[in-house]
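Common to both upcoming complexes is subunit A, partnered first by subunit B, then by subunit C.
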Partner chain A sequence: MTPAPELTAAGHLPRTVRWRGLAFALSGCTAAYLAGPFVLGTFGQQILSQAFFYAIVVVTVDLLWGHTGILTFGQSAFFGIGAYAIAITRAYYSSGIPVTALALIGAMVVAALVGIAVGWLSFWDRASPIYVAVVTLALPVVFTQVILSGHAFTGSSSGLPFPVPDISIEQWYWISGGLLLLIGAAAYVFVKSDAGRLLVAIRENEERCRYLGLKTSRIKTGLMAVCGAVAALAGACYAMFANVAAPAYGDFVFGTQLVVWTALGGRGTLIGPILGTVFINYVSAVLGGNFPFVWLLLVGLIFIVVVVYLPAGLAPPVFSGALRLGRIVADALGVARVRAVASEAPESIGRDRFSVVVRPEPAGTPVLHGGSQVALELRGVSKHYGSLRALEDVTFRAHRGEVVGIVGPNGAGKTTLLRCISDGRERSAGEVIINGARIGRLPPQDGVAFGLGRKFQAPSVFEALTVGDCLRVARSYRATPSFWRRSRALELPEAAQRTIEATGLAALIDEPAGTLPHGMKQALELAMVLALEPAVLLLDEPTAGLTSTERAAIGAVLTGLAQSHGLCILVIEHDLDFVRNISSRLVVLHLGRIVADGPVSQIVGSEVVRQVYVGGGTVT
Partner chain B sequence: MTAHAAETPWVGSKGDGGPALRVRGLRSGYGESDVLHGVSLSVEPRTIYAILGKNGMGKTTLLKTIMGFLLPRSGRVELLGYDVTRWPTYRLVRHGVSYVPQEKSIFQDLSVGDNLRLALPKSSDFHSRFEAVAARFPVLKERFQQRAGTLSGGEQKMLLIARALLARPRLLLVDEISEGLQPLMVWRLREILAEERGRTGLTIVLVEQNVDFALALADHYAVLKLGTIVEAGRVSDAGTREAVEQHLVI
Partner chain C sequence: MTQFLDIVTFAGELFIVAIGLLLVFGILKIINLAHGAFLVVGSYATVVATRLNWDPWLALLVALAVGIALGALVERSVLRPIAARPLDTILATWGLNIVIVQLITLYFGRQMQFAKSAITGAVTLGGLTYSEYRLILLLIAVAVGAMVTVVMRTTQMGLIARAVIMNEELAQGLGINTRLVRFVTFCLGAGLASLAGALLTPLVSVHPLMGVPWLINAFMLVLVAGVSLGSLAVATLLLGGAQVLVSSYGNPVLGGLTIVILSVVILRFRTPA
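Right, the complex of A and B next:
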């Protein structure tokens, strides 16, 4: 297979250069931070400390919204929980260090629990993304109401002052900045890790994630809890810094500001939102005193301009501009080193990062020799949409090592059948039994544990991730991803590896999946499902959009799998020649019922197939 | 006859206002990657033109560039001799160009009927036109009130085609129309498109993976490879199939 060069042509150069740019930017920021106290007066340090605390919360907003796609207006409420936990403890109980530390931990635990509650309310399986926005919009409102109704105990609208530890402004500058650096670095390591990649996968295509066995609701709820706890930590420290806990720390306006700062800085970049928050807070404190209204107007205008012209935020254009400037300066100074490194690096990095490793066969893989064990059994499966009967009493068995072709006219219920097998909640009636186990009403993410793998009709991949990363996400069900490391090799079972080789995908492993042509996306999704090492494989038009050569190659991979691993494959396909080549048996669906079931040779030529499916003499 | 047509397009007899569609030296792509490297072709009115080629060769990109979804880097697109390069999509549609994309771009939450109504700016003549289309796709009449998202994959494809035909286009661009349709339907679709061409004088440009379908329907063909046309000619010429297949295999 020759890969399409227009796709491989996009070089890896920008990636390495971007890394260098980021390293420069980070060291610049750190230098500026360390120089702060020597350059700035107390006022400046105070403003920056405040901005650093805000930036910590903004990091959590960027993790939730920028990376995972969970739009949240409620991070302020967690910040407020932290602030009030410390304020109430120190005001009424004790201002000793151990009690304060306990209060800090308690605040984080409470915030995490609230985060879990938010997750439980917002991330049930069929909830649309609107739910979490509404729930997190309500959260700060509830928080403010609770504080206001606490009267003197919570200080109501005037806030709750409390005895604070004796820490100087400069010390706060180091504490807040250190905390931001720590949390920012931890967040950075996390999003670049194998586990962090799952967040982007969830943002891109949550349904596909579920069908890859990932319990996305749990992952999102966990993230919500951790982000809540971090925001509470920032809030608690901020209250001690400000000597008071005020309702404004946890209100809806602050929650929305956090989102605005994230968007301005460049969501999904971490460094962008942090710098954006620090910049806006610093400048607004400096200018806000002298020109209060003009400054607000200016911020509003900047926001509109960014939303309209720079939807990705300020960070990407600023960074690439700085980079270009850096390159021009380097050229002017005659520094050839930058270019030399950039042209050498991609080769080695590209190869090193994405070496595909064929996973060795596990020792106990059962190899079947014409076995007749039932792999999949359907008993009376039905699906009704109101009065419409999409499937009616479908009963059949499929054995290990068998490839069953499912054919039938458009609208016969073929895709519905696959959905009813893989998602227990879809069935109106009937039972599905896989390798002897009833799967009941389990959702698709649990069906994977029984060995189910499903490929959708329309290609369903993670468009923003590279081909290699899509496959890694698919592997994360089998191999638990690391939270801090990014694995260098891509380990694939042989079948998945053969699929990407046969279709030329192996050469496109560094390309974003979104730029692939239709047929390549189909092949990628198939490889992703095969990476799950399923026992029962459900394929919905797996080769639509592929050339006949590629079809034949994939057909060979599938029949090989069925024979060597005893895989049971159900395949919906309109191309009868393809079906004839790979399957031993055909099931014909018509109006939601099985109208014929038997060996391919008998079924293809039969009268019933001619009537409902093939029509006038196209296939003999 | 096979002509090497990278820069010298196949040009047929002169129509009254020039060819229905003429593309000259079209270059286009996404972001930093170039996909089309100077494609030229000319489609005469009332003919069917098939664009064949493997995955990733730029077939869909070509249609998207013609339709104004992608801005060409250079080159020209002409309709009946008029320069329409860089026209926005809606303007092309108003001038009688319809596009059936490969992905099933229907309005999932609208009914089948409402999806079809959207094809017409004025709804006064909807019913008479719909009857004509419904005669060809009876399933759409049965499901008229149903939410379009509940249609099966193949039925959604039929809805797309019906919606395009309802607008009575002069030029119809279709991307992988036969994919996901049952053999009987592919067969019927061939008849429907051929009939429609005969009845309304429609010009059709097909992008196809299904060579049998494309060659049975088309008058002219071109094979795209790595963003240039490497083979083009009349379908009726001897040796067409071999010429096409030689590019699809390797």
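Right, the complex of A and C next:
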């Protein structure tokens, strides 16, 4: 079974459909919301108010899971924290407005702290994405047990009733809906902003993000804290609406329900989960009263079908179906104007045309003098796997403006060497010094600050993002992205700009990176690394899969960079001709050791190299 | 001494619940959140057997068979299409959990159920009286663990399973039908969950939601243990033991959290292999 044809390779709707569907959905929702009290009785308003509060929490689930890929079962616990903070404050201390407001703020702060704790437990480097599911699964379990062990103080299993402010159902309808609109809109602006794009980048390829200098653990922890605070706010308001705080508000079942609603609506679309939550809760209150178990069974079955066959959720097919229907109706009525708008709108709204701007050279641009300054120094770098020695006592210096080719047969330790330079934790022994600073055992995201940039052997880009967005993410280390604005211009340093021009990527700036051919991905990743403005560039087979013209172009960019900016480049290549053309010096690795190091002309014809490649065996 | 027996028998219960989950985690590399529901199915199988006046020992076999059949159905219809999306299997198996629990609720209702126990009464060991059933359960847990270990270590099937655990792609390249291995493992995992449910029936109250706490504890233990049966045994003894001690000397409600909290902390500080 293949997903619906409207989906792109990454499982997302094409931009145009998404934007148009969103515009329709948003105006429809707002109209329906405003009309609500005139159509619905008190019962309907009450159900919708409840659904609106739930939907606020679902927005946080969609931010965490849908956009950032953090599967969380624990948002209910934050909701519960908010509910109990208000309930305990009003039941035992004071039900005055200032104290309640204070309790609200306090609840959000506590929830944020719990969010930070969850982040600390789950988002250490190299933690599997399952760990956060484990921790967030534990969170509501712990929450309910704590509430139950509070006995009379927390009301135990029957919940804690408390005096609530005098607010009518209709007023609650406006409050809950208004809060949902506000938070939904804020979330929407955020995910569309330059900073919001980082969330998708983390979901798509966290390792690449780290090597671009982004402290992903910190970003995810921050997001967890904010989402926790928002869920606590919803929980606090919900408790006042419901007159009681109950353990079920923060339990594991509610936590998983939030994920179910998000998946059904369409993860990563914001509007889908919101509508899904409101719809499911409304229907289950109307129908579920009579057949609660059948209804739950039905939701479970639909959930399985959606997860298996429609991983993008129900929102995308429903939206595109509605659009198609709208178009058919418009055709039938012969309304030319509507058609024109419907077919042209995506070109103007959806297309994200932005211009590439070459970043002017900053005043302090390093200029090469002399050419003998050491940019990179390795002292006794070793890497052991148990008794296997992948690298043994590798020591050499590379200077500014130098292009050093690292050659050697398969298994010589070339890629391991680059990894040991860029990730301090990988080294078993030895030191790496960049421009005079020891990088110690720091992880790759900190290595970027020293001026390191690494391109991986297999192209590593953000498949779901466009070429332009990939480059923007790469720039966010240098230029802090905005949380609400989406910039139109893409500012790139000259080197990155030259790379995308030379390889024809500039014309594909709006294409999703996942659809690019292999060679183009290579070029894109190189441009992303160059966008970091590194001082030491580590390249692992940068031109594999490129045509010879593209190779020559990239070679020219690289040598030009080394000469004009004093960049130090380490390049692993199997194509000896390419290496010969761009390198000034060769380092030959064999079985984890340096066996030769010198000018290209001297090394290429040497006996050592011949022996390493042809003769095999040990070289002494 | 009673406390010691409490600890080892509780560890035995945890072990027999978690072993199916561990097999599935090791070979299919997925977390099966329907494991708790399979356990509930096993418990209700014994309830049905009691109603039909069957022998309680026979009920265990029925539970095992029902679990295996259910596992076969689930693997074919739900897991196979999403084999390439491991994180989504967490969701799909949770959906299965909802469906199975709701089906049971629809048929049996939410109230507690009763099933006949194969063994009642107590034994006296050196002046100490202890539940005979709990001791038998511990022996069964040890026997199941030993059996799985022997199969994994000495048989061709076990060799293939170990190969799939280490490197599924390579195993596939060598002509091993990894699909079949996954299928058989999942059936076995579901069967063991169901058997565990049937075995636990005399000790716990049987109702549709009984599976969740067991599922959460087993899930934590498996993540702490990795894919080794030996580590699972150690983890159940240590963490289960801690839980028994906290419950008896501290607060029984918080005692229920011991495994969860300790596991999260262990996972945070353990250096990745």
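Everything below uses one rule, namely that the second predicted complex is superposed on the first by the 577 of 620 C-alpha atoms of A that agree within 3 Å, B and C clash if a C-alpha of one lies under 4 Å from a C-alpha of the other, contacts with A are read in each partner's own complex, and residues count from 1 in each chain.
Following the convention adopted for this analysis, a contact is a pair of C-beta atoms (placed from the backbone, for glycine too) under 8 Å apart; a residue touches a chain by one contact, two chains touch by 3 or more.
All values reported here derive from a predicted model rather than from experimental measurement.
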Touching partner for A:H574 - first (subunit B), second (subunit C), both, neither: first
Touched partner set for A:Y131, first subunit B, second subunit C, both or neither: second
Partner chain in contact with A:R218 - subunit B first, subunit C second, else both or neither: neither
Touching partner for A:L546 - first (subunit B), second (subunit C), both, neither: first
First (subunit B), second (subunit C), both or neither touched by A:R441: neither
First, second, both or neither for A:R488, with subunit B first and subunit C second: neither
Touching both subunit C and subunit B, counted on subunit A across the two superposed complexes: none
Subunit B-touching residues of subunit A, taken from the complex the two chains share: 2-7, 9-10, 385, 407-416, 457-458, 515-520, 540-541, 544-550, 574, 576, 613-616, 618-619
Contacting residues of subunit A [partner subunit C, same complex]: 1, 71, 120-121, 124, 126, 129-131, 133-135, 137-138, 141-142, 145-146, 148-149, 252-253, 256, 259-260, 263, 293-294, 296-297, 299-301, 303-304, 307-309, 311
Contact set on subunit C toward subunit A in their complex: 31, 78, 81-82, 85, 87-88, 90-92, 94-96, 98-99, 102-103, 105-106, 212, 216, 219-220, 223, 251, 253-254, 256-257, 260-261, 263-264, 267-268, 272
Residues of subunit B that touch subunit A when the two form their complex: 29-35, 54-58, 60, 102-104, 139, 150-155, 157-158, 176, 179-188, 209, 226-227, 248-250
